[in-house]
Every structure is written in structure tokens, then in C-alpha cells.
């Protein structure tokens, strides 16, 4: 039973790690990856804690997570397209405020 | 029995820490290409974790969409980025060092650690046994028209969420087309090995997606997983250079994209008029309705994912600057 | 009797609707615009006349519209309200005729007359307001509708004048709002009741009531141009003459003074305010403004700026009259509301005539202007003598009553202030008259327009003469039943003091 | 119908000249002044006493003809007529020039003052007459005397103020403005003293008593004969008449002011006598006579206070003596000036010898004036203002730069760190 | 006929209509504009129908899929959601008619389907009664808003859209984590059930923190407002009108509903005071920044940041009792939506007219675009909170509550905010009157674009006169009166 909590804690760890990367990394691709990692973290927490119900595992969080994954992929696709547009108009795919810090 | 339990917990520990380590390496490594590859492996490890947590459907979805398709998108985006950004041209893509002000970095790190501690404390304070909605799901399962609980929840109990989610998918392709413009994939030079592989694989993939669609009613599977495999097949075909279809003019593509959400809405209005409630399938032929919905959803999910991949490939046609 | 409930609303609408229609008219349809203007003014005059007659015979006119769940818009025509409404209606008609003549060839007249009628609607609304929130509503509407008039010329200077006007009035409006809400949360009602409704508030609230009084008077002081807040008034002189006439004689400045009367008499009640000890500082402030205004007027060479500073000092007479808590002084203060309006508008009309016909703006250019435009200067002289307080003209009467009222409550120092200010008035008006009448005119005026037989176009000449004769009649025939003085006495008896 | 004639006549005497003052009318009517005086003449000759009170004019004033003011009315009508006649014969024709309206206004003002029955009526009529007379004389006076003649305007304003204060004192104490009632009621000594001081200073200034006499000299020397005649008859006589009507006759508690007035009158008389003795030109004699008469008159009134036996029975004699004095002076003026067939008058103080030192005096005086005058003050003020504005500008600029520095937007990293901090705070609240 | 009308499930139609219209528009790009317009009008009628139904039968709730609360999803419509639906309908119709004039034919197929999806997300969000459903609608709303924001394709609009996307995704993830924790602690995602079960436990506090932070980021409260001004200023005018008026309000709506429903377990008011302080700084920061801007759209965007500050000022007031404050907040949301949409449409007109929107050289625009400047004036009156307008009613109620409870700080901030708002509105109006040094060739602005701006502005003013009936409408379902859960 403590394994589920271990996975949940890993989920929380991934969430906060992604948040840190989101803050620290200037490159947009890194930020998008960070967002995906945070998403996986949350999903891990959801499903892991779902397993606490006896005889059969709680299915509703799993349905939520499937919806979440699909939403995450569409968000990532949009983010990548935006990043490409941005890198077309200004070198180095970065937000303007990070740009100035970097160059 | 004791030994098996021991082994399992060791495996879980190893899996958990490797997941965390992989994520750390991926997010803080200097090379973009390396971080993308690490991301794909991270996706696969996540799939294994889902299996360990007895969530096969999620594992399937994670593997196909999370690792597979997102990886493909990232790869094509990275390729595009390299052609654009001359700084990355020199083979070894130097990632700009995160020259963040040192104090900011340490403050952020401190907050992250504290936040992890706080959330962990909250999670640990959760009760060790809570039935959640599992017994509610089990009791209503037989009247839901399918035997597999996940599909029942997805398609029947929380069907309205899935409807909105289909709308999100439609929105994603609409937005990618509106941002990147709708043009076909560029010419792709492929090696003969790839061609042979694709010729072998694509029929198998289509067969597997059909099987997954069918099995979803009583075993892990279902519209999303089948759709994503269909999409993967489409990506392979596109990568092999065969122009599957001409995106711009063909309203067929638009019809396939819209098929899933349109089916949902049609069924919703139908049930609203007959049964008085949104998406309330009559218990007798609930299964048929769900199957119909799933097939159309699979078609539209597959096409959407393919179109997303093709969309990110193209040159973004610069919109005319009338307004700026 | 039900008709009586709708007349106040009709009075307000009779200038709002034409105004809104005028906005839509193009420059070419000037006939329709003039007709609408005149029709609106005459209709309002008729309605006000009806109400005057009605109120004289103790009838009751009130319109009530729901605004907030427990607060509603009230338009009530009491004697004091009618006093101010009749002044603004009469002078609006005269100023419209003048404005039509004045803006003969200038652009954007539809916009001008549209805002002009909105401004009068706001003034009438301020006058007829039955509770503090309706007063606040029309008070703010007045700021909004006068701003475009000030900025009408479209020059950078006009814009700057508009900005300074706004900084003061918006600040004033904010103070007023704060005070009103505080009062409402403290007392629960805002209705204007004769002799005030705050006397039975228990003692421990008195310090808060004093602060609320300071806030309200501060908010109103901006428009009544009391000492610290009158920076905007001289700058607003950049506006065309009918606007500065309307602003200074009728609308904006009077709304402030009228507001002070309302707050002191109908919200706090004069004896409660006196017992709170707030009327004395107000009196000193008003006295200081009187002296300050006259002193600054001495050094102004531009005619309209000198008149503006004289307005600052004249309006404070009303505040002074109100602040000396004596029945006679309040009659003096209230009657000065009309007298100052009539006299000041004459002076501004003449200033406008001089500017329009001879291009004369500075006092130094006014030598011998009496020869060239005798009638205008005659009107100006009557107005000037009224301002000084020379007997036949109306100004004398209000000074007379304020003086008597001061002596009645043995505030001797007020007499000194009156004497000092009349001396200063003489000091800055008589040189103008002397220059106009007794000096030789220059060979060529700055830029002279020839208006044929008469000294200037009739539309520019008749209004000042009308208002000058009004000033004279208000002075000479002061004891007639419907004269301003008699009506002020009626107000004092009915609304301010228990007989 | 006859019964209504007297009041109509009474009103006409006052209204008729005022109407004629309007330029349109008097331009077309031949010898307008005569016509204007016609109703006044008939009134003067009317035997009985007429009074007509109107409640709604000027806070309830009225006009009446009684024993006393009949004499004064007669003399003033006679003076106005003689000046009109001389003017017509000598051809200046001021009656037809642009300032004729002032002429009629002054005439109307004086008649109304003489006939008025209450304080406010007299006060307003007198001030109308004063300002009109100033306007009338200003256009016909020579340029060099104009500076002193302007003093009259200043004195008029100050006098009006003083009389205004006096009136307010009287009315606030008794609420009644009628002359005949006024005498007996002001009892409170403190108010009465102020009232007397104010009245005396007011009318003294109007009558050009000793310290404020320069403008009479300038007027007398700088104007043609027809105007000269009016000099005593209009401003001075009305002022002295006003003094008589306004001053109450009380018990001896007013002895101090009374004695001061007496002294003041004597001083003027002595001044007039000295001037009379030094005088070389015969034509100036009436000028000093004017001072003499007004000085004597004032001292007699002052004595009236001090002597304190019953004042009222001598009253009528005062009026008669005043009118006689006025009549004799005008006659003398006419006789002397016509007799001297207009040889050039040299003002006593502007004789050729003194021209250059007067100009120096004027310069000195100007310098003093500018030094003390307001615009020196104003230039200091403006200098300070400019300095203040610069200071404000500099500080504002520095503040704006400072503001810009801290106000530029927090970038992505700072904002998201705040985000983490925000969650952290709330989560920590649970402990 | 009336009886039947009441039976119709207007709420469901309100969600299905825009979704189907969006799909139709996606399917037939050529017809996108006409479909969009027709859908807009139909939605308006549906909202009227729903309003009529609510007034007759009180709160409306609909069980999706027939499964009762813990398992299935519920739709719930009460006074507050009706108000927000009506606001989005009015602003939506006005903006739709405006966009027919604003967008060229090429852009239609990119604008209309996304806009209809956004509208569907809005309607679904205001009707949702299930927390996970709120997450999905919030996600749909965020993504469609980002797509619309990047419509112009210029450099700063793409970078602003990117920043907006990252922030909205971060906000949604935090929101999702919060919901996950709540679900696993209390076993349900339905708001009604949760509001009964939530008690003072560490998980509730963690969830409160995450959800409040996520939604505050999406509502652009003070420290997290950095993404809003560039996004709203560089988006095309009708889009920035939608973003400022509706999208930003949706996340505040969720925060308010959860705050009243779930998070009323807090004894002390530390969190409420914290939100209040952030709101106050937002008011000052937004107004001062607005004063510093040279471009009109940036000015209007910063004014949004300030007005959002006002919304959060109400939290500390409501904490110490006095539920009329929430009526004031609802009223402020309505009048701000109308006025701000009008202001952005005006900015769009001026951009089209002069080719730029630098405030300093708005060349004598007052007589060349009289209707537009009138609209800006009226909208400014409502933003400043001067009497005849809806903004004044909201400000009056808030001030009354603040003074009754002795919150001098909040009252002072509100006065200062009003004065600063007057400063920047009249700064623009001042320049509208005078000629600009650099004259430029003027483009004529279609009449319907100007009249739509004026229509919205007049509605903002008229809102001031209909306070009483509107309050009753908002009161249906007594969300604000009882501090407890939804019935």
C-alpha cells in the first residue's frame, strides 16, 4: 500500500521539478517539455492514489488521465507551432524578456 | 509469496527513482536533441509505471500518444528549428546556458523544495483506503452497455467530458492550421529500408487499431488508443513520402476530422429529444451507440493526430500583415 | 394632481431630448438646431413658470425613480430648487441666443449645442435633486458635459485647460462621493429635509459628522471655487465666451455654491451645523476667498481672466452668507445666487462682444471702447456697478442683507470684509470703465468686424442688454412679490428657519 | 384728477430727467435741459406738502416735498437752469455732446436725493449723482487737471463705503430707514458714535472738506463757466444737505465727535481765509468762498452737538442758510467770470514759475509709488513662482525615472517565482 | 406556447449550438462568417429563453447522461451564471457583428470556428457544476483564446500568445492538481457534494492554494498579470475585446463559485486579506501603468489589470460578513465587460482609421469619428465609476460595504483608483480633440463597427439605471445570500 504513496510522491516530485525547469530554463522547447513532465506528474498522482480502493482499482481517475493526455498532446502541438512561428521572426526560440537576458 | 512482494517493491523503487532521475537529466541537459530522446524514453518508462499501477488503458494511451506521437512532433519541430536557427546548425546544438541570475535560481530551488515538502505532506495525510467512485462505477457497469469500466466511464458515465475533449482536439487542429497555415508535407527523401519497413508495418498497424477499437468494449482498449495507432500508421505513410492526401482542397479530410465530435453532438441532441437527458443512451442498445461513437471517434482522432504532425512540418505561411 | 409628479422630470427632459437630437444634426441643418434650442428653452421656461406658480400656492412637485434597491432618484421642486432652476432656465435662453450669434461662422456647432443642452440639463438636475445621490449624479454629469465645452476650440491650450479643470473637478467629485457614501452608511438616508436630518444623530458620531462635512464641502468647494480649489477657473477662460458665461454665471460655479447651501441647510440644518462649530471656519474660508479673488483680479490684464477672478470672490459671498448662521445673512447669500448670476453673465456677454467685434481681449486695449460700442459698455457699466455694490443695481441688495445678517449675529468682522471687497471691486472695475468711457479710442482696433448699422450683430447685443436690465430691475424693484429678494425671503421662511 | 397731480408731479421731477438721459431722446429735443427742469420748477412752486411712498422700490424708499427741501430744490433748479442758459449762450453746447446723458443723470440723481425720504433712497440717488457728475465733468475738464480730478472718483468710492457702513449700523439697530423717525431711536451710544463718524467722513469726502479739497480746485480752474457754476450747486450742496438729513440730534453724549467736527470745520474755514488773503486773481475768490461756506457750515453742525439745546427748531434755518449760501456763490461766480471776459485763468499752484519743480515732484512721487506699488510685489511673486516650478519639475523628472525603473514589467521568471510563493504561503497555512 | 417554452432545456442548447456551429464553420470554411452570425443571434435568443425559464422556475439543473451526481456530470444554471451567460451573449453578438467589418475574407475561416469554440467553452463553463468538467472547459477556453490572440501573426503577437499559452497551461495544471487532491480526499468531483464534505484538513488547504494560484494566474491578478497587456494589446481588436471582457472573467467566475461553495471552511481571513492586498496593488499598478502607456490598446489592457484588482478587493469585505458585496462584484463584472469591450472596439476603429493607435497623435478624431469617441467617453464614464453608469452602482455598493465595516484602506484605494482611471480616460479624450503634429491619410471606418462600440457603451451606462431588477435576477438560486453550498 505504501508503493502507491511512493508513486504519488514521485508524481509530486515530477510536478515541482517541471515547475522549477519552467522557471529556470529560457529555451521554449525546454519549457514545453517541462510542462509535459508536470502533466505526467499530476497524472501519476491521480492514478496512483486511485489504486487505494480495494478489490478493484478506482477507474474514474484513469478516465480523467486519458482525457488529460489527449488535451496535453493538443496543447503541445499548439505550443510547438507557436514556438516555430516565434523562432521564424526572432532568432533563438525564447520569450522576449528571456531573450534580452540571454543575448 | 513474500519474495515476489519484495521483488515488486524493489522494482517499483527502481522505476520511481529512474523516472525522477530521467526527468532531471532531460530538463537540465544542455543539448536539445538529447533532451527530446530522453523525453521519449521517459514516456516509455511512464507506460511501464501505468502497467504497474494496474491502469492498462492509460499505459496504452501513454505509449502511443504520450511517448510516440508527442515524440514525433518534437522531433519534427526540432528538425524545423535546426533549419531556422543557424546557431543550432553546427551539428552539436549548443543550448544557451541558463544564465539566470544566481539568486533567482537559488530562490526558485528553495521554493520548489519547500513546495514539494508541503504537497508531499498533504498527500501523505490522505487516508490509506478510500473507495473513491469505484463501487459506484461497478454497480452501474451492467447498465452502461459495456463491460470494461474505463470505456464505460469515458463513453457513458462522463460522456459529456469526452464530447468536450473531442472539441479540444478539433480546436487543436483548427489552431495549428490557423497558425501554421494548411499546406502539404514537403518532399521527403527516404531510404529503401524505411520503405520496406513501412510496407510491412502499415497493414499490421491498421489491423491492430481495428482490434483495439473492438476489444475496448470488454478489455483495455478503446477509441483513443485505436485512434492514436491509426494516426501513427498515417505518420509512417507520410514519412515514407507517399502523398496521402492533399490537405488544402479536400473536404474529405475536414469531414473525417469533424466526424467524431459531430457524431457526439448528433447523438447528444438525439438523446436529449428522446430521453430528455443529454447523452442518456437507452440501456438496450447502449452498446451499439457506444461502438458507433467509438469508431467515428477513432477515425477523427487518427486523422487529427496525423494532421497535427503534418501541420507542424510545414512552413508557416506568413499571414498578410494587414492589421499590424 | 398626478401631473405634478411628472413636471420636474419634464423640466429635465426638455433640454436633454433636444440636446441628444442636436448631436445628430449636421452643420447645415442650423435652422432645425436653432428651433430645437429655442423650443427647448421656452418649454422649460413655461414649465418652470407653472411650478413657480404652484409652489407659491403650496403645491407639491416630486418625481421618484428607483435607482438602487433602497435608494432612488428624486427630483423635487421646492422653493430653493425653483430659485436656481428659474435662474438657469432664463439665462440659458439668453445664452443660447447669444451663442447662436457668437458662433456664427465657427465649425462643430452641433457638437457645441449638444453639450450645451446637456450642461443645462445637469444644472437643472442639480437644482431639482431631492436627495444627495441624485445631486451627486447630476453634479458629475455637469463635469462631464462641461469638459467638451472647455476643450471645444481644439487647441493645445484648451486641452491643458481641460486637463486642469478635470483634475480639480474629478478630485472634488471623489471627495463628494466618499462623503455621501460615508453619510449613507452612517445615517441610512440621504433625503434633503428642510432644516436638516442629522440633528438627532447621537453625540459620539459628531466627530465623524464633522469629517463628513469637511469632505462634502471640500467636494463642493471645487466647483464653488473656494480658496484652495479655484486654480481651474481662470484657466477655463480659454473656452468661447458663451461657455465661460454659462460656466461662471449659471452652471458650474453656481452648482457648487447651491450644493453648499443644500448641504448646510438641508442635510445638516443650520443650527446643528453651527452647534458642530463647522460654519465659522467656512465663513473664514469664504472671506479669505473673497479677498484673494479680488486681489488676484487686480493684476490681471486679460479681461476674461479678471472677470474669472472676480467670480471667485463673488461666489464666496454666497458661501459667506450661508456660513453666517443668521436668517438675514442667508437671505443675502441666497439672493446673491441670482444677482451674481445676472450681473456676471452681462459682464461676460460684453467681454464676448468686445472680443468678437473689435478683437479686444486685453484691458489695456479697451481705451475709448465706450465710443465705438456705447450700448455694450452701458450694459458692462451696469454690471460693474452691480459688482461694486452701488445701490441701484442688484449687487447692493445682497451685500446689504449679508451686512445686516452679520450684524444681527454680531459678527462685526464680516462688515470689514464686505467693505474691503467692495473697495477692491471698485479698484479693478472702475479703471476699466474709466478707460472705456473717458480715454480716446486707438486709430485701428485689433481686428474689427463691421456689423452694419448697429455696433455689433443684434444677437450679440440684445442678451447683455436684457441681463443688464434684469440686474437693474432686480435691484430697483426688489420688493415686488416675485422678485428674487422676495423669493429668497420665502425660501428662508419655508426651508431654513422655523418662523 | 387734480388730487393725483401732485404725486405725479413729484415722480415726474425725478423720472423725467433720467428718461432724458437716454442719448436717443435728448439728441432730437431742442433745449432739453429746460424741458427736464420744467416739472421740478412746478413742484417747487406747489404750496402744500406732498409725499409719495413706494414699498417695492429699493427696499421700501419714497420721495416727498416738505418745507425744508423746497428751498434746496429751488436753488438747485435755479443753478441747473443758469448753467444750461450760459452753456447755450457761450456755445460749448455740452448739452448736445456725447456726455449729455451724464448731465441728465446727475440732474436726476440730485433731484431724487433732495426729495428722498429715507437713508437708502438718498444714498443711492447721491451715489448716482456723484458718478454721473464725475463722468460729466471728466469730458469737459482740461487734460492737465485730470489727475487730480480722478481723486474725486476715489473719494466717491470711499465715501460710499463709509455711508454704506453707517446705514447698516443705523438699520441693524432700528430696522427703520425713514429720516424723520431715525432721529430719536438710535440710543446705544457705541453704535451712534460709529454712525456719526462714518456719516461725517462720508459726506466730508463728498463735499471736498479740507484734506480732500484738491479736486475742487482742479475742477474750478480747469472747466468752462457753465460747468463751474454747477460745482458748488451739485456735489457740495447735496453733500451738505445729506449731512443735515443724516445727522441725528441727540443728547450731549456725542460731545466728543461734535467737537472734532467743529474743529474740522474751523480748520477748513481758516484755510479758506488764508487762501483768500494771499489770492491775487479776483476770479478765484468764489473758490475760496466755497471752502469758507462749507467749513463754516460743518463747524456749526459740530457746535450743534456740543451745545445740545434743542436742535430741531433751528433745523429749518440751516436749510435756508445753506440754500442762500449756494445762491450767493453761484451769482458771484457768474458775475466775476463774465465780467472778466474770460482772460486766461492760471491755477494757483500751476503758475509758470513752478513748472519744472512740479515735474520733478511728480517723478519723485511716481518712484515712490512704484516702489510701494503692487507690481513690485508681483514681480517678486513671479520670480518665486518660476523658481518653485523649476524645483517641482526636477523632482518630478527624477521621480518619473525612478518610477520607470521599478515599473518595468516583472518577466516570466519573477512572476512564476511569485506563483510558487503564493501556493507555498497558502499551503503552509494548513500547519 | 409559454408552457412548452419553459420545458425546453435551454442550457443544453446553449452548449450544443456554438459547438455545432463551430464544426459547421470548420467543415465549410467559405460559409464561416454567415454561420457565425446566425449562431450568435440564435445564442442570444437562447440566453433570453434561459433567463425567462429561470425567472419562472428558479434554479435549473440537468443531469448529463442520466447518471446522478457522484458518478455523472451535472449542469447547473442559477442567477450568477445567467448574468455571465447574458454578458457573454451581448458582448459576443456585438463583437461578431463588429468582426464582419473588421476581418477580411481570408481571415474569416481562421477567426469564426475558433471564436465559436471559445463561446461554447464559455457557455459550458458557466453551466458546469462538476470540477473536472470545469478543468476541461477551462482548457478549451485557454487554448482557443491563445489561438485567437495569435491571429495577426506579427512578431509581438506571437510572443505574447506564447507567453499567454504557457501561463494558461501552468494555471490549468495547478488547477488539475488541486482537483485531484480534492477528489482523492473527498471522493467526488461534483461541487454540490464537495461543498458538503470539504472540511478544514491539510489537503483542503493545499487544494485551496493550488486552485486559487492557478485561477489567479489565469485571471491575471497583480503579480501574475505580466502576460495580459502584451496579449490583449497585440491581438486584433475584436479578439482583445473578447479576451478582456469575457475570458479573464471566466476564471474569476470559477474562483468565486469555488470560494463560496468549497472554500468556506476557513475560519480566519488571511487568504482573503492576501487576495485583497494583491487586488489593491493591482488597482494602483494597473492604473499607473495605464497612465504611462503611449499606445491606446496597451492603456486599455492595463486598465483591465486595474479593474480586475477591484474584483479581488471584495474578498476581504465579504469575509467579515455583508453578502451584498458579491452583488457588487457581479455588477462590476457585467459593467466592466460591456465598457471594456466597447473600449477595445473603439481602439480597433482608431487603429483602422489612423493606421496607428499612438494616443498623442489621435488627429482631431472627435469630429472625424464622433460615434467612436462618444462610445469611448461613455465607456470611460463606466470604467471611472461616475454616477449614471453601471460601474458607479458597483463602486457605490463596494464603498458602502467598506465604510460600514471600517475598511478605510480599501475605501481609499477605490477612490484613488477612480481618480487614476479618470486621469487616463481623459488623457485620451483630451488628445481626441486637438490636431496631431503628424497628419496621416485617414481610412474610412464602416458604420456598423462604430455603432457596435456605441451600443456596448450605452448598455454599460444603461446598466446603471436597471440596478433593482438586475439584482433580483442575480439573486436567483441565492448563491450569494447563503454562504453555504449551491442548493
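Order of writing sets the chain letters: A, B, C, D and E. Residues in each chain are counted from 1.
In the analysis below, a contact is a pair of C-beta atoms (placed from the backbone, for glycine too) under 8 Å apart; a residue touches a chain by one contact, two chains touch by 3 or more.
Remember, predicted model here, so these are calculated numbers, not experimental data.
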{"item": "Contact-graph separation of chain A and chain E, given in steps at minimum", "value": "1"}
{"item": "Joint neighbours of chain D and chain C, given as chain labels", "value": "E"}
{"item": "Label of the chain whose CA centroid is most distant from the centroid of chain B", "value": "D"}
{"item": "Interface with more contacting C-beta pairs, comparing A-B to B-E", "value": "A-B"}
{"item": "Identity of the chain that, by mean CA position, is farthest from chain E", "value": "D"}
{"item": "Separation of chain D from chain E, taking each centre as the mean of its C-alpha atoms, in whole Å", "value": "73"}
{"item": "Averaged-CA centre spacing for the pair chain C and chain A, given as whole angstrom", "value": "68"}
{"item": "Averaged-CA centre spacing for the pair chain D and chain B, given as whole angstrom", "value": "102"}
{"item": "Distance between chain centroids, defined by C-alpha means - chain A, chain D (Å)", "value": "95"}
{"item": "For chain D, residues that touch 2 or more chains besides their own", "value": "409, 411-413, 416-417, 420, 423-424, 427, 430"}
{"item": "Residues of chain A touching at least two other chains", "value": "15, 19, 22-24, 45, 49-50, 52, 60-61, 64, 67, 71, 74-75, 78, 82-83, 85, 95, 101"}
{"item": "Multi-partner residues of chain C (each touching 2 or more other chains)", "value": "none"}
{"item": "Pairs of chains, among all present, that meet the touch criterion", "value": "A-B, A-D, A-E, B-D, B-E, C-D, C-E, D-E"}
{"item": "Contacting residues of chain C [partner chain E, same complex]", "value": "23, 65-69, 107-108, 111, 133, 136-141, 143-144, 147-148, 151-152, 154-156, 158-159, 162-163, 166-167, 170-171, 173-174, 177-178, 181-182, 184-185"}
{"item": "Sites on chain E touched by chain D in the complex", "value": "163, 166, 170, 174, 201-202, 204-206, 208-210, 212-213, 216-217, 223-224, 226, 229, 270-271, 274, 285, 288-289, 292"}
{"item": "Residues of chain E touching chain A in the complex", "value": "132, 136, 139, 143, 146-147, 150, 153-156, 158-159, 161-163, 165-166, 169-170, 173, 176-177, 180, 183-184"}
{"item": "Residue ranges of chain A touching chain B (in the complex, touch as defined)", "value": "1, 3-10, 12-21, 23-27, 29-30, 33-34, 36-37, 40, 43-45, 47-54, 56-67, 69-78, 80-85, 87-88, 91-94, 101-102"}
{"item": "Chain A contact footprint on chain D (complex, rising order)", "value": "409, 411-413, 416-417, 420"}
